[in-house]
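Report on the structure given below.
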Amino acid sequence: MGNNIKKLLKNKFAVIGLTIIFLLIFVAVFASVISPYTPSEQNLSERLLKPSMEHFFGTDDLGRDIFTRMIYGSRISLIVGFISVLIILIIGTFLGIVSGFYGGKIDYVIMRFTDIVLCFPIFFLILLIIAFLEPNIYNVMIVIGFTSWPGLARLVRAEVLSLKEREFILVAKMMALSNIKIFTVHILPNIISPLMVYSSLAIGGAILTESSLSFLGLGVQPPMPSWGQILTSGKDYIYIAWWLSIFPGIAILLTVLSFNLVGEAIRDVFDPKEDHIE
Amino acid sequence: MNNKNILSINNLSAGYYVNGQYINVLKDINLNIKEGESFAIVGQSGSGKSTLALAIMGLLSIDNGKIINGQIKFNDEDLISKVKHIRGKDISIVLQDPHSYLNPVIKVGQQVREALEIYNINLTSKEINEKIKDTFIKVKLDDVERIYNSYPHQLSGGQKQRILIAMAIINNPKFLIADEPTSGLDLSVQKQILELFVELRNQLNLTLLIITHNILIAKKFSDTTAVLLNGEVVENDNSEKLFFNPQHNYTKLLCKHIKKIEN
Amino acid sequence: MYYLIKRIISSIPILFGITIITFFIMHLTPGKPTDLMTDMNIKVTAEAKERLQRLYGLDKPIYVQYIDWVKRLVFFDFGNSFRDARPAKNKILERLPATILLNFVSLFFICLIAIPLGIYSAIKKDSVIDKGITIFLFISFSIPSFWLALVFMILFGVQLGCLPISGLYSFDFNNMTILMKLLDISKHLILPVAVSVITSLAILSRYTRSGMLEVLKQDYIKTAYAKGLTEKQVIIKHALKNALLPMITIIGLSIPGLIGGSFIFETIFSYPGIGRLGYEAVMARDYPVVMGIATLTAILTLLGNIIADISYTYADPRIKYK
């Protein structure tokens, strides 16, 4: 493991990605210490100001400091990213393992189910489910989690199927180890690395989804400062206040990019049979 | 058979890059093959014999391989730089394992045709068809029409091997390499294929280089044999002499093994 | 032919599954679906509400409701829009062509750009070009599509003022000649297609690249070189076909993603397609239209997958001639 981490750190992109992610986590945790204002602090006399020394990223249509809102917005992005993916991991891994391990009818049913969900444009699915429920941060996380697991389930199932055929499983079976033991000792460690790759990419995807939802007004609701939301007001003022549209977008781009880079780097290090980007 | 060397290999060293590291496979190989003779290179897997065949044909780079030292001369001219222009024409190779060496999504007839067309752009369609039919019959593929229009997966192992041979001889090469010509084939078919090689060699007057792990094949089908161990030539002599009176320990081992089986 | 039938039959359970899920979603809302409609209008009496519920069959047991739903689905009868009482089916149908046009053109350009990019970066593996392409693809994959749309709007629509940023036609569309009309539509398509293409390039490109790399390692490539073919000839005549076959499946799988993205940037560009219709319907809780779009897109995706599968079967001689 230590060897692999060293290899990971050799990858320049991974280092950049990890740095940005840790920076983000730091900012999110210490938001109240770092930010010059509070996120809901309105000051109607200071509406739509250009970026300046007092307001690094300018102010929005209610006079709120965008820099501060973006710092607090990092919390939303990270929380939604991590928790949605956690839900996906739990559901997807469980179903994938059950499907791959037991096969037969259970496998058939679960796979048909993933087929069905995958027929819907996932974003629209999320959109309409949230609309039917109530748009707030909790529903966003839950809905993303409950609609996006099919991809992971298939991935895990494929891994389990290929592992099932390998020798050491047959040996373990011969030794009459209980299924649970075969599972935890033999199968689980082997799916950790594709899971890590998937998770990293999925967090990026979840953050993109959350910001898209918030942008459309069906995600995190005001006054919670999500980056997507800041962009919503940006849309209305594109002619006169470009800073509302640029900074949050860059933030989302950099964050998602970092998770993608780290994910790819993990794939290169732990799965050497794939090809490299270094 | 005159005494001119058609292929000369001097101090050849070659190997592969694996994960950025160079691993040497062939160590200072020296070999001479006379024009018109049948020459065998015998070795176990990992001895470097296939690498040698690929090195001669200039095909090492596909697997991240490289010749790092030495010379290969074909008819007294440098081959390493020229091979790209004459392979498939003056010097050809039949690669082992017919199951994976044919493109699965192109009809085999087309694949053979291609070998001819590259070097014969001035032939008419009719002439090309004639030549293909001719070659098919030479390799004992009599059901010309059907096989021409088949895809690899529709043919048997023996048929696929004959297609590979057809591809290699269609331009009347002077030098033909057969890399493990019997791998992937049933025993009964193996004998047929080997005899086909000998027959073709006589018919077409070509120099034949057989790469094999089986010293018995070397004895039966070649005039001269070289034994390869860990990338080095350990023995090189007339095949009959070598088999009945091996000098090197490794050769002795190989021969003993075979003699046991024969008895 | 036989395969086609088998494929369609195996899709039937999925079709049923789609109907079940859509039905399930509709009843997710706390309260009755008709509440959504009546809540918009406070003047509605309790009696009127009841009548509405009976009209929509909401007083019947759930399995009866489901059977009714399926029956109506066969005729694509999703009910009437809550907003303007027009049949949802019609509203959807009039917007569908625009979205299909957009996605078709996008898919065309995605293939046109991503596949050569993938092939090129495979051939020049690990070179500066390969790395450059990779970086570009990573960035394009990480850009929020709605943000890119905004940026384009600002750049081309506002700053440079050279491209239209909304709709599909200009005001005086009806007065234009055929040629001018085509030009007009094209101009309006440029930005939405650009956004769609840029954000979707990465996946197809990377798959093409790894597919090509796999193929280039195959034994038959050695045979091709041994025959005397040049690198260019080997790639075009031997490698390409083998590498592109799996792309048929990948392209099929990316269709729902394309449609999904539509919902975002059609809204931003005020593009008159089902994406924008869907968004507006969702915001207005116009559930007949919403369920109609959900069901329709799911069925379209299913069809798309079947077509992709059949195409693959025909394209790969190993399957076609078994």
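Chains: A, B and C, in written order; residue numbering restarts at 1 for each.
The criterion applied here is as follows: a contact is a pair of C-beta atoms (placed from the backbone, for glycine too) under 8 Å apart; a residue touches a chain by one contact, two chains touch by 3 or more.
Keep in mind the model is a prediction, meaning the values are calculated, not measured.
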item: Chains touching both chain B and chain C, listed by label; value: none
item: Most distant chain from chain C by Cα centroid; value: B
item: CA centroid of chain B to CA centroid of chain C, Å; value: 52
item: Inter-chain centre distance, chain A versus chain B - centres from mean C-alpha coordinates, in Å; value: 55
item: Averaged-CA centre spacing for the pair chain C and chain A, given as whole angstrom; value: 22
item: In the complex with chain B, residue positions of chain C that touch it; value: 216-229, 233, 237-238, 241-242, 245, 316-318, 321
item: Contact set on chain C toward chain A in their complex; value: 13-14, 17-18, 21, 25-26, 28-29, 125-126, 131, 134, 138-139, 141-147, 150-151, 153-154, 158, 209-210, 213, 256-257, 259-264, 267-268, 278-279, 282-283, 285, 287, 290, 293-294, 297-299, 301-302, 305
item: Footprint of chain C on chain B - complex, ascending; value: 54, 57, 59, 62-63, 84-89, 92-93, 95, 97, 100-106, 111, 114-115, 118-119, 151, 153-154, 164, 167-168
item: Residues of chain A defined as touching chain C within the complex; value: 112-113, 115-125, 127-129, 131-133, 204, 208, 211-212, 215-218, 228, 231, 234-235, 238-239, 242, 245-246, 248-249, 252-253, 256-257, 260-261, 264, 274-278
